[in-house]
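Going in written order, the chains are labelled A, B and C, and every chain counts its residues from 1.
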Amino acid sequence: MLSVGNSIVLFELLGVLAFAFTGLIEARKKGMDLVGVYTVSMITAFGGGTVRDLLIGHYPLYWIQHSGYALMLLGFAVASAPLAASFYENPCVTNTVEVLDATGLGLFCTAGASVAHQAGCDFYIAMLLGVVTGVFGGIFRDIICNEIPNVFRRNELYATCALLGSAVFLGGLQLGLDTLSATLAGIAVTVALRLLSMKYRITLPF
Amino acid sequence: MLSVGNSIVLFELLGVLAFAFTGLIEARKKGMDLVGVYTVSMITAFGGGTVRDLLIGHYPLYWIQHSGYALMLLGFAVASAPLAASFYENPCVTNTVEVLDATGLGLFCTAGASVAHQAGCDFYIAMLLGVVTGVFGGIFRDIICNEIPNVFRRNELYATCALLGSAVFLGGLQLGLDTLSATLAGIAVTVALRLLSMKYRITLPF
Amino acid sequence: MLSVGNSIVLFELLGVLAFAFTGLIEARKKGMDLVGVYTVSMITAFGGGTVRDLLIGHYPLYWIQHSGYALMLLGFAVASAPLAASFYENPCVTNTVEVLDATGLGLFCTAGASVAHQAGCDFYIAMLLGVVTGVFGGIFRDIICNEIPNVFRRNELYATCALLGSAVFLGGLQLGLDTLSATLAGIAVTVALRLLSMKYRITLPF
């Protein structure tokens, strides 16, 4: 989704991996077969970016143009089969999913805000589309896996973290930061706020 | 969505407001926080038009091009917080939502049919896309708020009202009415039929 | 969706009919009224192709360009009303739906892979989009009708059949088969595997 530099391509890849793994793990925990596991990991990894690209008419879609991602995720889905049993009742798996999900949220909301910004959206809409990119993959994953989406849980912050992360990224760009620094700042704010809100049960006052 | 005249822009704005308020009220009734309330009011107000625009490839989307709407709805969502308690058990709130929803349905089905018509769709498809524009915002709102969407309730008419409203609007245009008159006629038919069907429990015979 | 030859147009029409009838029957079984029945049959028939076309930005959509299909389905929805009672507890209706659904799956996954292939997608993505075209109509139908989508049932194969059918079609093209032969081979593989997997409860090993 980004062409600004190699470091950004790396962030993109890391976001796809982080979200794909959360999908993989949740689907295996639910006892899905290979087709289900692959579908959930694909939709988690590419759902948010796809919704954003449809909303701004940004074609071709990333995963359709670069079929290597879809093939890589197929490899992971197959490889996860022998590990499936260990996912069922391992408490540290839940923690891993939460950290991966927070990381993916940070990577995707900044990447999403960047794509929307480059497509000519103004500050506020680019910020909203950063949130859309960050949260929709996880919403789809949780709906298919019959979980309450994180974004609708009232005892912690989720969309708010992505909103602030996107705002920091876009504000950084406007203040003259280079893309890499602005991205790192946005990711840091998102991940830190998300993990703190889970640990200390921070919620919105109204 | 419309550029035919200032009166039409006003109808558009009124439709957005009517639907946004229904979303605001339903989300506050469910005890959602600011992020939830804002999301529901945005999706109710712009969901139907977004689905229509994706189906006909009509870019840029209205709310993405005019970010003022999204900011205005943010203001309403914040302002609704101190009023939230009064929404919980007030019977007149339910009536207000129903009248606003009927009004939004009429405004959006005619506006939607008009956009589709101008995009080159024929009479029947423009009529269907008018219905899509009118009903999808409310469907999304009711699904997120865990209500049965109005459109699937069997003891009253909903999509049928939008269908007739769109047909009256498009038929009026073909009979030589000016856009304003055709729009007013379409809105009147939709709202009247909707309110009558709720009051007298009118349903389809089969 | 296809312009390769008249035989392909015929397959397209048959796929629309097969899926539309499954939607019609399921919606009548649930006691929906005319609007509900029409909506379900439209979404079942055109949902998969619409998702594919949105993903590759392929406009105008088939059913929007050819409004005759939407009108034909309206005729079927009206005509199904007097037959509705016979749908409720007839065991042979269930079998008919399953065979129609398998046929629609085969027709649509090959047609979908063909459209994606012609739009420039590579082999693997075209195969995935063939599956998307085949399965999404039925997923939408089953969600609206409150059934578990076939694709998520663990005691039989569904998406796997569409995947193999798309692969056979695309592989056949690459091996030099003409479009008609490749399509027929893809359909045959999909339908045969689907019916065998239902009869003998074939599932994926992991």
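In this text, a contact is a pair of C-beta atoms (placed from the backbone, for glycine too) under 8 Å apart; a residue touches a chain by one contact, two chains touch by 3 or more.
Just so you know, these numbers come straight off a predicted model, no measurement behind them.
> Which rotation angle, from 0 to 180°, best lines up the CA atoms of chain A with chain B, given as a multiple of 5?
When the C-alpha atoms are superposed, chain A turns by 120 degrees onto chain B.
> Same residues or different residues: which describes how chain B and chain C meet, taking over half shared numbers as same?
Different: fewer than half of the residue numbers at the chain B-chain C interface appear in both copies.
> Rounded to the nearest whole Å, what is the centre-to-centre distance of chain B and chain C, using the mean of the C-alpha atoms as each centre?
About 31 Å separates the centre of chain B from that of chain C.
> For chain A, jot down the residues that touch at least 2 other chains.
54, 57
> For a test of understanding, state which residues of chain C touch chain A in their complex under the given definition.
By the definition above, chain C touches chain A via 54-57, 121-122, 124-125, 128-129, 151-152, 154, 159-160, 163, 203-204, 206.
> Enumerate the contact residues on chain A facing chain C in the complex.
Within the complex, chain A touches chain C at residues 31-36, 39, 50, 54, 57, 59-61, 63-64, 67, 70-71, 81, 84.
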